[in-house]
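A short write-up of the structure that comes next.
By written order: A, B, C, D, E and F. Residues from 1 in each chain.
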Amino acid sequence: MKIMHHLTRVEFENNSDKVVVLPIGSTEQHGPHLPLGVDSYIAEDIAKHLAKVTDIIIAPTITYGYKSKPLSGGGPLFKGTIDLNGETLIHLVTDILCKFARDGFNKIFIENAHFENQAFIEEAMDLATAQFPKLKVVQSNWWDVLDQKTVDEIFKDVPFPGWALEHAAITETSLMMYLEPDLVRTELMPTEVKAQALPYSVYPARHDLVPDCGVLASPVGSTKEKGKLIVDKAIEGFIKIFKKEFN
Amino acid sequence: MKIMHHLTRVEFENNSDKVVVLPIGSTEQHGPHLPLGVDSYIAEDIAKHLAKVTDIIIAPTITYGYKSKPLSGGGPLFKGTIDLNGETLIHLVTDILCKFARDGFNKIFIENAHFENQAFIEEAMDLATAQFPKLKVVQSNWWDVLDQKTVDEIFKDVPFPGWALEHAAITETSLMMYLEPDLVRTELMPTEVKAQALPYSVYPARHDLVPDCGVLASPVGSTKEKGKLIVDKAIEGFIKIFKKEFN
Amino acid sequence: MKIMHHLTRVEFENNSDKVVVLPIGSTEQHGPHLPLGVDSYIAEDIAKHLAKVTDIIIAPTITYGYKSKPLSGGGPLFKGTIDLNGETLIHLVTDILCKFARDGFNKIFIENAHFENQAFIEEAMDLATAQFPKLKVVQSNWWDVLDQKTVDEIFKDVPFPGWALEHAAITETSLMMYLEPDLVRTELMPTEVKAQALPYSVYPARHDLVPDCGVLASPVGSTKEKGKLIVDKAIEGFIKIFKKEFN
Amino acid sequence: MKIMHHLTRVEFENNSDKVVVLPIGSTEQHGPHLPLGVDSYIAEDIAKHLAKVTDIIIAPTITYGYKSKPLSGGGPLFKGTIDLNGETLIHLVTDILCKFARDGFNKIFIENAHFENQAFIEEAMDLATAQFPKLKVVQSNWWDVLDQKTVDEIFKDVPFPGWALEHAAITETSLMMYLEPDLVRTELMPTEVKAQALPYSVYPARHDLVPDCGVLASPVGSTKEKGKLIVDKAIEGFIKIFKKEFN
Amino acid sequence: MKIMHHLTRVEFENNSDKVVVLPIGSTEQHGPHLPLGVDSYIAEDIAKHLAKVTDIIIAPTITYGYKSKPLSGGGPLFKGTIDLNGETLIHLVTDILCKFARDGFNKIFIENAHFENQAFIEEAMDLATAQFPKLKVVQSNWWDVLDQKTVDEIFKDVPFPGWALEHAAITETSLMMYLEPDLVRTELMPTEVKAQALPYSVYPARHDLVPDCGVLASPVGSTKEKGKLIVDKAIEGFIKIFKKEFN
Amino acid sequence: MKIMHHLTRVEFENNSDKVVVLPIGSTEQHGPHLPLGVDSYIAEDIAKHLAKVTDIIIAPTITYGYKSKPLSGGGPLFKGTIDLNGETLIHLVTDILCKFARDGFNKIFIENAHFENQAFIEEAMDLATAQFPKLKVVQSNWWDVLDQKTVDEIFKDVPFPGWALEHAAITETSLMMYLEPDLVRTELMPTEVKAQALPYSVYPARHDLVPDCGVLASPVGSTKEKGKLIVDKAIEGFIKIFKKEFN
């Protein structure tokens, strides 16, 4: 497995035709039962599973992401969420993309696991490719590549609350059970959660909009098997994208 | 109707307890049958309809928005899309919000009609409210406040392609038929459109991802009545938000 | 008349050899008798008159400008002045100019109606043309193109206070009487105004430097005819510039 | 004379009630007969003359200014003009003002000798005083404080071309003859100069708009005495401003 | 051991009186025998050793650092060095520090393992503490806390080339032998290296200034024991700093 | 001697093959016996001595530098230190370098006399040379080019405290005695100074880390002769660099 930080310069150089996978996560509260590193672990671990089936280079994970929002992550209302201003993330990702392009690595796949990052990552992709016309950057994430059948399977017992509220809920908890089981405090999973998606956003953030537990939908029903299913299906989806865009 | 640019300074000052509605649109290609100003007209015209039923101040519309994306607007592949870098939009909206707050106007409703603007608007909301703790800013748009029944009504004859592909399609065309009928070239509506949403984004933009007509779903079936329905329901939704957040 | 926001993408594309006129105004207090939108209305309305005599494309007006200054606009001392930081305006105009250039529109005329904007607009012109060598951008305004005879005619009855103090005074009031008569509160025109230009600037702004009414010279003597004269002469001036620079 | 760079820390500390004069010039071509440092020398030398009659602290001169413009300085068309982007000058001046304020020096007089600097200096003044409410900053220059009688005296033999064209012309040449006589190449003064002010600006800069000599009005008629007159009158003007604003 | 990404929000909250250690490394070529992640591994692994003897929270490592320089890291001349612009690093670290401060974590120790980061980290420390007066941030690294005796011990057999040239040389190789033995390609260590420190810097970077192997001094003589000695002494040094600054 | 601000545009143009020396200093407290301009005077005066032996152009000195740090300059704890944010200095130097390159001056030597400037200057060098590939910029300072023999000679009577603590101490005091003798208050030299270098940095700055006098090592033992020795040796070093890099 070609983890970039394991490779010497020479080993790296010899792989400039490979796809570089750049995992991007966050440092964000994930309720009482999941650790602050959930998004970063998911991003990085899925990349490692992907590396078992296709020949990629895994770049170091970006572990600080854009600001968590109340109704997709609990936002700044809870401690432990250490996040970046929008401009900072734009510049961080732009610099990294440009440096890969300067070194002749022109196929980059950004695997994002923190929803709030997306618009700022895409701005960076636009700015970097404007500077390096040969550079091609694709961005995706594990939830967008799941097909309906998979979603139905995961939510066969409980209603699907919508992706926005799937924060520290069934999908992320299942993923962590499969990927980082030692970091899940199963006994602390909140059982009743009544967050409600809003058709608007409001600043400053307010406590009455988010459940006290910081979870947006109940994780009850999470299993290791569901986690494995998501990872397998995400990898299938990513491989399809690679075939279409990088081969 | 209190259109801010019509008011004198004195008239404006006397309304500092009112909600300021800030419409944000774009300058973006909308296919062969709709004009470049669609998002700006929709944002501003709905604000004017809203002003008929509630006492608000309408701030000048921001008519240049964030970069159009291929699969939600055609992106930079078509001429006529004059859009802003992410940082520019963040600063533009932040400055405006801060100045309203400085003048004692602490209830601001951003009515956005260009999807790609949202993350950058919210970053501005966060930055401005951090500086002005008394300031409260709410952001919404016409599509997020529609209830399922309304969506079903609009798409009773054709399948709903998803909001991302609703670009220059039935909802926007219907809105323009109702709000700005003189600007719709009905005879030029593309009849067959085969855009497909992708579970990823890719830069630089590519022509094969977007239909040649620049429309992402067929506008056939658009009517003035559907436009009116959307406006009426959007206003209902906005009024509900106002009650909850500003009263 | 080719108002860009009325044009479809295709209509726009077919006019890439035309001059794009970009009106820039402000949202700024203009005394008790004129509305906050004066500079934006003047900029946009003169562009429309210009479009009757020459084949141009009118881009959407920028309606938020650089900070009003006490002795040319009343500055931040009065409510209703919603203005931008210098850097924000530089980036806003730069982005817009660059996008027109990317689309092959290389003749741009910025018609500015808010004096304080000028230096920041010119910085944007410099930055954009450095990136797009084929791009040519001209900037002017209605007051700089008036000949001495016209100025004498307008001020035949009252002394000319200098352009800096012509804020919400005879020229702007006359222009609004001609261009937007419904927005002029003639009965509220201040009759005695004693602002005095200073040979220096001072920050923070202070109330004792500006008349309480927010007007810097008396508008008494304003007429619709003077407004028409200014518009006609401004257009004559602009046409001369177009001939010299764009043909 | 309290030249800041001559003072020790202790001497400086003891003068926090004094006005700090910050001279700002440029590095800009000034025709064949004047050196590149004209604006910086004039700014600094007048400050030194001022220090003879009032108790001020002279801060180090800023010797790189905002971009020279073709019709007020020859612009980028001539070599030797080393100038700054607008944002750079804004930040440079803001940082300096804020540090003086942090050290308790709250009376700052910016003496500017390069016209193009003014808008960016004033933006810095606004930003710095917003951060330090006790800070008061005044900005002026030698030409704005001259009374009509003085201007008439200087131009008794030749017509006054307007301040914009007074670049490397009679006033600056006379000032240098008085302040830095060794740096004036009298024998190289251009005799016939036919620059013409334009009622617009155009980018990119073009050679046909500016005389080949880089001078915008003939310096013939310059004398040391006129230079002394300008300095004396400027100092009178500055003293008046100090009395009004700082005492 | 309190690794922040392992902690739940609640566990994290309960430790706001602890010192947060923020390791900062880089992604930088380290010759033919060491991997690209050397600086990041050293920073993070020493933090983990430190956590065994004192009760700290380890924040996620920043794995992309400031630009490598030719004579302290090989610079941009070799592939695999993915680094950030100065402003990006300043903002990245500032944002992170400010968010910890917002959450009430006011004792932060930045453990830097990439020399070139230092000035930009310190700028961030200055900017963040200016915003959060209760925040205290200390920055150090493993080489500055070593005493002379330790340095002598490490270089008892070979001359000390100076810290600047200790890139991928004895100290870093020994550290990696102790901390990450599987990532050292001992058989590829260059034996003869003739880099020479220069009393100046020059841009753009040039190949003739840096040995072809990308190592600046021979790693021959590196041992696991020397690595352990450095770690032990660094931890001793850090503990001393903690006592002085945080207790 | 070619001091740029003394040259006319034409004289400057004719020297585009020469090395431009850009001195960079600071405005920083230097104890009770040295003035605030020490770094700027040293930078500029050494450049003038250098100009006597080699044909260079001396650009205007940058007299405001990066933030003084407690343990290399006393930092913000003392009044009279007027310094710039890191980004401001980066942009200031980048702009200046780019303008020289635009004018065809591609050999620039930055002679820095304020240690804290270095990283930000080098960032500017990197950014400017990336834009202007023909541009070559070298940066050095008087202390890095001194050989060991010279250092030994200067510190033959007192121990060398290390360069970091050589602030307002023997080397700078000796240099000022030689270069600007009128600005040295010999009688105010602190005799006992007990600053201690720390193996870490800490923010915010604290008074207990720096001697009350603001000097970091005793200047007792400073002589004009030592100052001359440093200048002579620095010039020797610079000439060597010029030969290697610019000829």
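In this section, a residue touches a chain if its C-beta (ideal position, glycine included) is under 8 Å from a C-beta of that chain, and two chains touch if they have at least 3 such contacts.
Since we're looking at a predicted model, the values are computed, not measured.
Contact with chain B and chain D alike is made by C. Of all the chains, the one whose CA centre sits at the greatest distance from that of chain C is E.
When you average the Cα atoms of each chain and compare centres, the chain farthest from chain B turns out to be F.
Two copies of one sequence, chain E and chain F, touch each other mainly through matching residues, since over half of the numbers at the interface are common to both. Chain A and chain E have centres, each the mean of its CA atoms, that are 27 Å apart. Between chain D and chain E, the centres computed from C-alpha atoms are 48 Å apart.
The residues of chain C that reach two or more other chains are 85, 87, listed in rising order. Chain contacts in this assembly form a single closed ring in which each chain touches exactly two others. Traversing the ring of touching chains from chain B and stepping first to chain C, the chains occur in the order B, C, D, F, E, A.
Listing the residues of chain C that touch chain B in their complex gives 4-10, 12-13, 16, 27, 29-37, 40-41, 59-64, 76, 78-85, 87-88, 91-92, 95-96, 99-100, 102-104, 183, 185, 188, 214.
The residues of chain A lying in touch with chain B in their complex are 67, 69, 85-87, 90, 116, 118-120, 122-123, 125-130, 133, 136-140, 144-145, 199-204, 237, 241, 245.
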